[in-house]
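Note that chain A is present in both complexes that follow, paired respectively with chain B and with chain C.
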Partner chain A sequence: MLVAWNYRYRNSPMDHIDPRARFIFSFAILFAATTTWNPNILFAVFVIAITWYSLGRLTWKDTRFGWLMISIMLFTMIVINTIITGGGAGGVVPPGGQLVWPDGVSIFGRHLNIGLTVERLWFAVSQLMRILSISLVFIMIPYTMDSRAYGVTFSKLGLPDRLAYTMELSFRFIPTLARNFQVTLDAQRARGFELDAGKGNIIQKIRQVAPLLIPVTMNAIVSSEDIANAMDLRGFGQRKRTWLYELKFHWWDWAIIAFAVVMLAAVVLLAYHFDMRLFSVPNWWYGLFN
Partner chain B sequence: MKDTYTTGKKKSIWSFGTKEVVYAAIGAALYAVVTWAFNIWQIPGAGNVGIRPAVVIPMFFGIAFGPIVGFITGFVGNILADMLSGYGFWIWWDLGNGIMGLIPGLFSAMVYKYNETKSIIWGELSVILGAGLGMGLAAISEMWVSGADINTVIFANFLPAFLTNIVWGLILLPILMIAYAAIVQRSGR
Partner chain C sequence: MTENQPLPLVVENLTFQYHTRSTPAIQNLDLVLEPGQVMLLAGSSGCGKTTLMRCINGLIPHSYHGEMSGEILIHGQSVKGMGLSQISTHIGTLLQDPERQILGTYVLNEVCFGLESQGMSREEMLPKAYKALERLHILHLKDKETFFTSGGEKQKVALAGVLAMEPDILLLDEPLASLDPASAYEALLAFRELADEGLSVMIVEHRVEDVLAINPEKVLYMDDGRIIYNGDAAGLMDAVDYSRIKLPAPVIARRAKNRPAPHFQPTVPPIDPHSQPLVSFQDVRFQYTADTPEVLHGINLDIRAGEVIAILGHNGSGKTTTVKHALGLLKPTAGKVLLEGVDTKKSTVAEAAKTIGYVFQSPSQMLFAATVREELAYGPKNLRFSPQQVEENVNWAIETVNLEEELPTPPLALSFGQQKRVSIASVLSMRSRVLMMDEPTAGQDYWNYQAFMSTILQTPGFDAIVFITHDLDLALIFANRVVVLYGGEIVADGHPQDIFQDEEKLIKWRLMPTSLLKLNQQLWPKTGQYLRAEALSQFI
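Here is the complex of A and B:
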C-alpha cells in the first residue's frame, strides 16, 4: 500500500506564505463567514476566499475528492433540508414569505403546491456562499502545505512541544504503518481472508474487519515500546526542542495577518454595531420572481 | 487499583511522558491509515459522514493509555486521515474525533485488567458516551458553521456518525481489549 501525500510544490504564491499566517487567515475567514447572514458581507467574504484559493493554483484533478465530499454535504444541507423540506432555514428565515410558484406547478399532469419561498431560496444562496467560503480556505490546506511544516507551525502557534512533536512523529509513522497494514492484509489473504467492500450487512463487515484491525493495532503497540525506549536513551524532552524545518516571517506574511485581523474586526463591527448580523433578502432577488 | 498484573503501581491517567508521546503518534498514524484504507465505505447522502471501522482506534488508545493519548489519537489522526484522503481541514470534526478518544481515556483509571467483564462494560459505556459527546459537538458546530437547524444536524450529521461509530466501537473495542490483555500479561507491562 503506497501512501502519497497530496502536497506537491507548485511554486504558487501560496507556497511562499508562512503556514502560521495561513492558519490565522483561514480561521479569520471561518469566524467572519459565521458571524453574519448579511448578503453583502457574505459575498465580500466569499470573494476574498475565492481570491485566496486561486493563490494555491490548484487544479480540479488535484482537489476533486475533497469537492466530492463537500458536494455531498452541500446537497444534504441545502437541496434537501433548506429547499425541499425547509428544515435548514428554520430559526434564520422568518416564517411566511413570497411563494416561488404561488399557483403551484404541474408535473406529469398532476398539480402540486410547492411551499418553497423566495426567502428560503435566498437563504440557500447565502448558505452556499458561507459554506463555500469556509471550504475554499480549508480544503486547500493538505494540497498546499508541506507535511513537514505542521509540527513546527503548531509549536510556534503556542502548542506545547510534546504535543507538536507527537504530530510530527505521527507523519513519520504513516508510511511504516501503511506497509504493516498491507503486509497483514496479504498474510490474512493467504489464509483465505476476504475483504470485499460492499458485500454483506454491517455485522458481516465488522466480522471482515476484525482479523485485519486487531493484528495491525497490536503490532503497532508492541513496536512503540522500542521507539519510546530509544527516544528516552537519547534524552527526549530534556530541553526545549529545535526543529529541522524552520519558519520565517516575511513582510507579506505580516500583511496577510494584518488583513485577516482588519477583515474580521470590520465584519464583527458591521454585524454587531451596525446591526448587519441578521438574514435579509436583497430587493433585486424579489424582482427575479415577479 | 493496579494498572497491570505485575507492577502494582497506581495509574496516573494525565501523565504524558515519552511513552505516551509515542503511543499517541502511533495511534494517530494508525487511525489515519486505517480510515484512509476504508474510505470506500462512504455513506452517500448523509452529510460528510462515512462508515469508519477505525473509530475504535482512538477509543481503544484512550482506554489503554489515558485521555491525552486518546484525544491526540482522534484529533491528529482525523487531521491526517483527511489529509491523506484529500478532504481538507475541518477542525470541529477533528475535535469531535478527539473527544471520542478522550472520554474513554477518562474511564481508563477504572480499567486495569483488560479482559475482565467489569472493565469491558466500562469500555462499552465509554464508547457510547465518547461517540455521543464527540459526534454531538462536531454535529452541533455545523449549526454555527453552515446555519443548519437542529433537525438537519441530528438527522444528517449526528445520527449517521453516532450510530455507525457506536456499532463499530461496541463490537471491536472488547476484542481489542482482550487482545491487549494477552500482550500485557505476556510482556508484564
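Here is the complex of A and C:
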C-alpha cells in the first residue's frame, strides 16, 4: 500500500498558499539558484529560500529525516568532492589559486601538504548556498502539502491526467519504500541478520545487504503492477479526469507567482545581461586567509 | 427483469493458458450469473479461481497474457471488444488484499477515485460516495487517512470505492481473508443485501462455511482448472472432498463417520507452571510515536514451555504489536519484556532469534534467495549452525511444509500460498525454542493449513508455539491456551474450553462462534475435550 508523507495541518502561512503557487515559486528558486555562481545573487536567493521555509513553521523533529538525507548528499558533494578531492570544482574554479595552508599542516605529528585553495573553499560555500536554497523550498513540500492535493495540482498546472497522477504516486513512493524497507529489515533481523559494515570486501558487503534489497525491490515492482491494475479496474484513463479535492486561488497566490517571476527574470537579467553568471571570489574572503 | 433482457454475466466454454505455463489454468468453463444472485466459487489453491476472475474483470488479457478461447458476455455483449475501463463500469472487483487496491490517501478520496475517473463533478460524486460509505456503516471514517484504518476497515473502504461506481456485477476475491470473524460476518451480510437489491455477486472464498451463512443461490467448486460442481449449496456438501474446503462441522462429522480419525498427538513438553517463563510481558505499554495514541495498555503475559497459545482479537486489537515485542522488534514505551530473563531492551533482535522464530504475515517482505534451499539455509547460517546441521534443518523444514520438490526453485517464482509455506519453513529451519507465527493460515487453503499446523505441532523440538489467527477453529483444535486481545488489552486468557464457552463474550470480542465450536460444545459430555470435526464423527 502506498504511504503518504507525514503531513499535518499547522495553520501556518504555507497552509494557506495554493499548491500551484508553491510549485511555481519553488521552481523559480531552483532555476534562479542554478543560473549563476555569483555569490551575491546566490546569497540573495538563499535568504529568500530561508524566508519561504520559515512560512511552513516546521520543526526540526518534523523534517530531521529529510535533512539527514540532504546532509549525506551535501557531505558527499561538498566535503569529499569539492574540498578534499577538488573534483566537483572542476570546470567552475580556475586551476591554481591561493593555498589555505601554504606551509602545510601538522596532524598527529605528521606534516601534510594539503592542496585546498581559498577559491575551492569559496566554491564549497557557494555550492552549499545553492543546494540549501533548493533543498529548503523542496524539502518542505511533503511536510506542508496535503497528500490529496498532489494530483490535482499537477493536473491544474497543465500536465495530462496520467502524468499528474504518476507524479502524485512518485511523491508517495519514498515513504512507501522507507516503510517496506523497515518491514523487510525486521523480517531479516528475526532470521538473525545483523548489518555488519566492518566485515568483508565490497562484493561481500553487497551480498550481505541482498536480503534487504531484493525483497524491497521486488515488492516495489510487484506493487507498481498492483497499482496499475487497481487504477485500470476503476476506469482510470477512460476520459478526462475530475478531482474531488478543490484548489482555490487567492490574491496572495498571484502575488507570490508575480514575485517568483520577477525574481527569476532579475536573476537571468543580472546573470546574462550584466555578466554576473560566472564564479568569482569576493575580496573579503581572501582577507580571511591572509 | 424482462424475458428478453440479457443476463448480467455468461461464461461459455472458457479456456485460458498463461504464456508462462505449459497447461491451461482453466478449461471449458461455463457459468451463468443472474441478477440478485450470490454465487460462491470455491476450490483449493491453484484451482483456477483467480484466473477465472481475471478473465471476467478484464485483467486477462489486458494485464496478464496468454491464450484465451471461449466467450464472456456482459449483458449480452462480448468483453472482447471492451477496454478495461468500459468493463469497470459494469463489473466492480474487490481484490483479496485491500492494501493492493487502495489508492487514495484519505477514505473519501479513495471512495471517489472511480467516480473521478468517470469525469464526474464534485456535486455528482459526493452523494454516491456518501451512499456507499453509509451502506457499509463507515461514513464516520470519511476523513480518516486510509493508512491508519484497520484491516477490516480497509476492506470496507475498498469495497465502498467499488460500490460507489454502481456496478451491476460484483466480483469478490477472498474478501474475508484479512477480516476478523465479526467483520467477515458483517461484510457477508452487506454482500447479501447488495444481491437482494439486484446486484449479481460472485464470491471467491476458501471459507466456504462462512459464505454458506448468507445462502448463496449458486455454488461452484473448481479443481485443476475445471468446474467439478455447479449447483445449490446443499448439493455441495456431498459433492466435494471434505478435506479440501472448509464445510460446516456437522457435515464433515457425518461424512467422516466410519473413516479412521486423523492422528494428532502434539509433541510440545508438558506445561510446568512453576518454570521460568520463556517470555514475560510485564505491564507493557506501547505507542508508535509520542503524538499517536497508545496501542498496548498494560499487557501482562508469561509464555512457558509446553504452551501452544492462540492469540485472537479483532482487526487492530494489537496482536502483531504484542508479538513483535517478544522478539525485541518493538520496545515497550513503559513496562518490560523479558526473554529468558533478559530484558529485550538489552539484547539485539539477532540474539533473540536464537530463542524465538518469528514468521511474518507477508512472505514477500522476506524472500530473497536464488533457491528455496538457500532461503531456508539463511537463518541457520546466520545463527552459525554447522553445515551438516543446516542441511538437516533445511530438509526437515521443507518436509514439514510439504514442498520438497521446490527446493531448487526460486522462492519468488512460487504462488503466494507456496511462498507463505516457504517463509514458515525458513523460520522453522532455525529450530528456535519458541515458534511465533502471525496469521500462518492466511492465503492457504483449508487442506494445506490443516496439514502443516498438524505437522508443526507433532514435530519435536519446540518448547512453545504461539500463533496469531482470526480462525477460531484453528485455536480450538490446536491451542492449549487462548489469549484474547481487545482494544490493546488482554481481556481473556486461559484454556480454550474456558474462553470459548461464553458465546456472548465471544461476540462482544468480535469472535463469532463457529459450527465446530457449537458441535464440540454439544458433544462435550462425551468427548471432554475439543476435537476437529473428523474426530467428532465417532461421538455422533
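As a working rule, the second predicted complex is superposed on the first by the 205 of 290 C-alpha atoms of A that agree within 3 Å, B and C clash if a C-alpha of one lies under 4 Å from a C-alpha of the other, contacts with A are read in each partner's own complex, and residues count from 1 in each chain.
In this section, a contact is a pair of C-beta atoms (placed from the backbone, for glycine too) under 8 Å apart; a residue touches a chain by one contact, two chains touch by 3 or more.
This structure is a prediction, so every number in the text was calculated from the model and none was measured.
Using the contact criterion defined above for the overlaid structures, shared-chain residue A:66 touches chain B, although it does not reach chain C.
Set against each other, chain B and chain C touch different numbers of residues in chain A, with B touching more.
Looking at the shared chain after the overlay, A:167 reaches chain B, while chain C stays out of its contact range. Applying the stated contact rule after C-alpha superposition, one finds that A:210 touches each of chain B and chain C.
When both complexes are overlaid on chain A, the residue A:192 reaches chain C alone and has no touch with chain B. With both structures placed on the common chain, the touch criterion links A:147 to chain B and to chain C.
Looking at the shared chain after the overlay, A:76 reaches chain B, while chain C stays out of its contact range. In the superposed model, A:37 lies in contact with chain B only, and not with chain C.
Of the two partner chains placed by the overlay, only chain C lies in contact with A:238; chain B stays clear of it. Of the two partner chains, chain B and chain C are each touched by A:222. Shared contact residues on chain A (touching chain B in one structure, chain C in the other): 1, 3, 147, 172, 210, 214, 218, 222-223, 225, 227-228, 231-232, 236-237.
Taken together, the chain A residues at the contact with chain B in this complex read 1, 3, 5-6, 26, 30, 34, 37, 62-63, 65-66, 69-70, 72-73, 75-77, 80-81, 87-92, 123, 126-127, 130-131, 134-135, 138-143, 147, 162-163, 165-167, 169-174, 176-178, 181, 197, 202-203, 205-206, 209-210, 213-214, 216-218, 220-225, 227-228, 231-232, 236-237.
Interface residues of chain B facing chain A in the complex, by the touch rule stated above, are 16-19, 21-30, 32-34, 36-38, 40-42, 44-48, 51, 53-54, 56-57, 60, 64, 72, 76-77, 80, 82-90, 142, 144-152, 156, 164, 167-168, 171-172, 175-176, 179-180, 183, 187, 189.
Chain C contributes residues 57-59, 62-63, 83-86, 88-89, 93, 95, 99-106, 108-109, 112-114, 116-122, 125-126, 145-147, 161-162, 165, 324, 327, 329, 348-350, 353-354, 356-358, 360, 362, 364-369, 378-379, 382-383, 412, 426-427, 430 to its touches with chain A in the complex.
Within the complex formed with chain C, the residues of chain A that make contact are 1-4, 147-148, 172, 180, 183-184, 186-194, 210-211, 214-215, 218-219, 222-223, 225-246.
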